[in-house]
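Both of the next two complexes hold chain A, though its partner changes from chain B to chain C.
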Partner chain A sequence: MTVSLFRQTRHPGRIGWTDILSYAYLALGVVLMFGPVLWLVLSSLKTPAALLEFPPSLLPLTQKTVTVPGHAQPLELYRVRMPDGTVRELAQVRRIGIQAQMLDPADPATIIRVPIEAREPIREMAFAWSNYTEPLQQFAFGRYFSNSLIVTIVATIITLIINSMAAYALAIYEFRGKALMLLLVIGTLMIPITIVLVPVFLVITQMGLNNSLWAVILPGAATPTGVFLLRQYMLTLPRDLIEAARMDKASEWQIYARIVLPLTLPALAVLAIFSIMWRWNEFLWPLAVLTKSEVYTLQIGLNAFQGELQTQWHYLLAMTVMTLAPVALVFVFLQRFITTGIANTGMK
Partner chain B sequence: MSSLSLRAIRKSFGPVDVLKGIDLDVADGEFVVFVGPSGCGKSTLLRVIAGLEAATSGTVAIDGLDVTGQRAAERGLAMVFQSYALYPHMSVYRNIAFALENMRLTRAEIETRVSRAAAMLRLTDYLDRKPGALSGGQRQRVAIGRAVVRDPKIFLFDEPLSNLDAELRVATRKELASLHAEIGGTMIYVTHDQVEAMTLADRIVVLNQGRIEQVGTPLELYNRPINRFVAGFIGSPRMNFIEAVAEGAGRVRLSGGNGILDLHDVCPDTARPGIGALSVGIRPEHLVPVDSETPDLWLTVDLIEKLGSESYIYGTLGDGTPLTLRAAPDDPAERHQRIGIRIDRQRVHVFDEAGRALGR
Partner chain C sequence: MADASPPTRMMPRDALAARLWQAASGLLDRPMALVQRLVGGNRMAWIFLAPNIFFFGLFVFLPIGINIALSVTGGTNLFLGDRPHVGAAHYEALLDCRSYLEPGSCREDHFWKGVANTLKFTLFQMVAMVGTALVTALVLNRKIRGRGFFRAVYFFPVLLSPVVVALIWKWILQRDGLLNAAITTAGGQKILFFVDPGWAMFWAVFVSVWAHMGFYTLILLAGLQAIPADLYEAAEMDGTPPMRVLTRITLPLLWPNLLVVLVLVLIRAVQTFDEVFVLTGGGPGTATVMIVQYIYETAFANQVQNFGRAAAASMLLGGLLFALTMLQLWFARRKAA
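Moving on to the complex of A and B:
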């Protein structure tokens, strides 16, 4: 079925220019969206030397080396075109100017002089798994990961509860000032985080929450986007249902928990996905309130690889991949909710 | 089972007065139907009784107890909505049991009550299904089951049959009637369909523009409508109205008619001074085609509907007044033909200029 999907053309059986154009357009989209991710993943497997290579290669390639008796370091292997036209694999001992001293690993005693333009490095795929294993041992990945996990899960749960309650009130009840309240909630969308950063920081400090995960969880728990998204969805629920529940002697809490929440599930799923992505990738605010490494989230921890003088790119890239993986997984499993949920809330 | 009394109920939405002072008493076990054209306030009145809408003024009392200030959940009434309002995420069983759970009954009690209601409404096989997997008629029965199972003080029905197809509507109507006979609860039923009203009601309340026009048994409303509105609303096809002028006591001249009609028996007081223009109402079933040189009316036939059991002839009088009459199924009248008509003088209604019924 998948294959036939890829073989679809506008007119069955022949390929028109619209087909070529649309496939080219889609291919461009794929490259734009997945190119950077693919490059990130491949680069995270490169050795530091391969990372700095110019021109850069997409695949993690390294030069093949060979250990030769009599030489302490492994020697780099080259494919050399000999003056007589034959091609031999030689190891380079050293390079002097435009000449290279090389030897045959099978016959280490004979030094052969070769002009450097006659040799060509032999490269092979080499995955530097150490980029992953080393930081996982040294760097407190587990701790940062669990911190990030706690922040993401707890904050998402709180966000869902608080936002759905606010949305319920704004969608179901009639009260004086309702439109104004909604306007205020939406209005906060226009205030960028950088503006409230300092005041919120002061509040958090006054509450003594600095360097605790609550400092990251609480300030962003109520999101105007979430309230609006859930409210719009709840407005589409038939009012009869709520009135039927009232006739059925349900309390307002029961109506909220047993009727409205289950029916709002698609929108809640959308908000959950958004919240997970926001919280997992949050950087600026945790950076401001978390200063001790034991409460670092992953994003802050990653920042530690980026020193003032040097950046350990190979570790940084590898850990970035590790950081991306959970969100990507969430997306893979929940993406169908995103499309249906967003379509249903009327938000694009 | 309970009685209900409404006193001076008014309801306004902003500047719009939807209910303009409603007084009504519903006796214990009575089946009362609110009927009226759309926008007459009948649904609003039902919602005020239910407690879903607060009356602007006036009192609602159930069993003599003032419940005006109580919320819907506290009044102990059950309502069947036009849209059925079944909870789509719950099975039929949970839909029916929801109210019982809220009443904090024991699990065993809920079980018995639900299965009893399900058996009565032939829903036993569908208890595990979600409402989405049911047909319209089944959903309707679940909605009724949800009300029945609670054993409420009063059942409220808000146009419950309007989403069903014609055949199912008739079947469900009969079921509702037998349900009322069986459980005998007080029922208040809102509809715009006068056939439903006539067939179901012990008493009909005809509403128009936020006021009660007339309350009475179906036959009272049919035989003795107190005004032109009720006369036109009850009965199908609707009553014919012909303009007329009084020619002394009990005598009227119909516009487009032949000569003077003597209505002494039904309406002797047409000679009241200053009575003004009259209108005479005659139901289609009280007009008879006659083979006579001097009929009461001459009608030009526009259209004939043959229903098999009877035929309806639609036509116009000489002055353009439209007229409908019921004829025998084998009536020989044809389109564009001019036929003579006799009026059954005993069944004529006379209304004054303001639409009030005269006589009787």
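Moving on to the complex of A and C:
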């Protein structure tokens, strides 16, 4: 027997049962992880009528219609098995009980009566792009989107600056109280927003920031995760560089802004990705502090829609896709960055 | 990166962000030089720390004090000056139960329902999350084709927002959804998943595992890859059966990582709110209400905003989290030692 069950293929070039099992597990994983998102995207392109179908069709299909002179409405096309065994494409004029009155679009004058079980709808792919365009016009979806964008960008910039400054202080200097400051930063890790929801709300209200985007941006701007991540990276920078700059009469601020920060770029990039992810997806705190719909972020807006639009899944699904699209793009381009960043820091 | 290459090589001269930063930080050159002359070079550390510490103070440390003050005062006013002192009344109300095993017998039955649900959720979720993450990490650690792709497949839901995750699954699990279509096609009856308390809890756990397992898989995978390969080679030469390798080499060496993941899952599970709130709304009835939902609703969503009661409940949750975090630090230290 062999060890490789938990390590590698038994014999290079041959495939053992454990490999088959592994690939089966991974294939199931692909279906289970990708399937739901794919189903969301496909569903979001269906017309409201197609969404009501049960059992649902996989692809966004709608019944083909044809405009026939003499009929105001477009008529639905069916494939009909005629009594003589031939199959014809006919348009339905109306249905009376178990009989359908149909006509051949080429010969609209003759009405043909067929039993309804002899006909079968002709369907074609049709993408309901209006699911995407209409929410942008009818609801404040665009507003929520831009609110989220502002929050994400401004908050990430603030986080990068103040976290890198603190990290610089804790990485480069030796001073009294440094250990205490480090402990303080660790301490904040233990106090998530779930614990201080009400008092932070009080502080924000006292500052007069209720129902402004600043209320969402400020409380999470200083992150212990970011300080540690950047400090760890700055500790690896050569000290000679800083000493040399001091010799050249560079001020401490210049050393930070011109020398250390540019060298910390890889770690800053990881923190930027984390921060974008946190801010774009943030839910509980904005839910508590934002009560006016003009300042809703995308997540809060989407949650409000799902309460109001229970019957309008076609809009809701399209808006969900639009909400996840930016994240999906970020992931496609920065996947390696993100996964190695998390594997190295153990944080998200 | 270790050599003293000019910073401009790391930050392309033409990058807009770099230029903006140079301009913005340049504006501070003179004021900061002045500050440095006033306080001295080494005390600049405090200047660099100041903004971050200010934010921590304002939004973390000060709020803890306020939270304690809120939890011992009553009324519906938010500001402390307008709130009458009530002593431990909120804590007494929260802890007033005839039997702690029956949420219905408690004065604040909603809170205890939340506690019971959170415990149930946490227990199921921990087993399912760590189990699937471990199996996935073990599979991904083998020599498989396309490992990067599969790793990405399991990981990507981690980036999705809780609202998006919940809506994706709500759409699949609704009465006329994909899953019920599959069930009826197989000859079964439609199941109303969000009307049945058991199913609602099951899907709450399932969806949260779906969304977050990729993160823990990554951590465990990093741990697995740190196990020295020669241990496996030696075992192979000795002809050790694979199950024995798992129990004698892989799991013992992965154990410190596994403990960290376990506690991390625990800390997050206790604070569960977003996905479950959007997925089930806490329903049916109160079958999936969690502690955090109780806090949120008591303070913000109920007709009468009871800030004191919510603050007291978050103090209790905070105490629990503190204990769990200490546990985590202890494990982390043991791992390092």
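We adopt the following convention: the second predicted complex is superposed on the first by the 232 of 348 C-alpha atoms of A that agree within 3 Å, B and C clash if a C-alpha of one lies under 4 Å from a C-alpha of the other, contacts with A are read in each partner's own complex, and residues count from 1 in each chain.
Rule of thumb we're sticking to: contacts are C-beta pairs under 8 Å (C-beta built on N, C-alpha and C of every residue); 3 or more make two chains touch, one makes a residue touch a chain.
Bear in mind the structure is a predicted one, so any value in this text is a computation, not a measurement.
After superposition on the shared chain, chain A has more residues touched by C, the comparison being chain B against chain C. In the superposition on chain A, A:Thr205 contacts chain C only, with no contact to chain B. Look at A:Trp278: by the touch rule set out above, it reaches neither chain B nor chain C.
In the superposed model, A:Glu243 makes contact with chain B only, not with chain C. In the superposed model, A:Trp214 makes contact with neither chain B nor chain C. After overlaying the two complexes on the shared chain, residue contacts for A:Asn303 are found with chain C alone; chain B is out of touch.
By the touch criterion defined above, A:Leu197 lies against chain C but remains apart from chain B after alignment on the C-alpha atoms of chain A. When the two structures are aligned on the shared chain, A:Gln254 is found in touch with chain B and with chain C.
By the touch criterion stated above, A:Leu263 is placed in contact with chain B and with chain C alike. Shared contact residues of chain A, touching chain B in one structure and chain C in the other: 238, 240-241, 244, 246, 251, 254, 258-259, 262-263.
Across the complex, chain C meets chain A through its residues 1-2, 4, 7-8, 10-11, 18, 21-22, 25, 28-29, 32-33, 36, 41-46, 48-49, 51-53, 55-56, 58-67, 70, 78-80, 135-136, 138-139, 141-144, 148, 150-164, 167-172, 176-178, 181, 184-185, 210, 215, 218-219, 221-222, 229, 232, 235-236, 239-243, 245-246, 250, 260, 271, 273-274, 278, 292, 295-296, 299-300, 307, 310-311, 314-315, 317-318, 321-322, 325. Touching chain B in their complex are the following residues of chain A: 238, 240-241, 243-251, 254, 258-259, 262-263. On the chain B side of its complex with chain A, the touching residues are 50-52, 71-73, 77-79, 81-83, 85-89, 98-99, 102-103, 146, 150.
Across the complex, chain A meets chain C through its residues 1-9, 18-19, 22-23, 25-26, 29-30, 32-34, 36-37, 39-40, 43, 52, 54-56, 161-163, 165-166, 168-170, 172-175, 178, 181, 184-185, 188-192, 194-203, 205-206, 218-222, 227, 238, 240-241, 244, 246, 251-254, 256-259, 261-263, 265, 277, 280-281, 283-284, 287-288, 299, 302-303, 306, 313, 316-317, 320, 323-324, 327-328, 330-331, 335-336, 338-339, 342-344, 346, 348.
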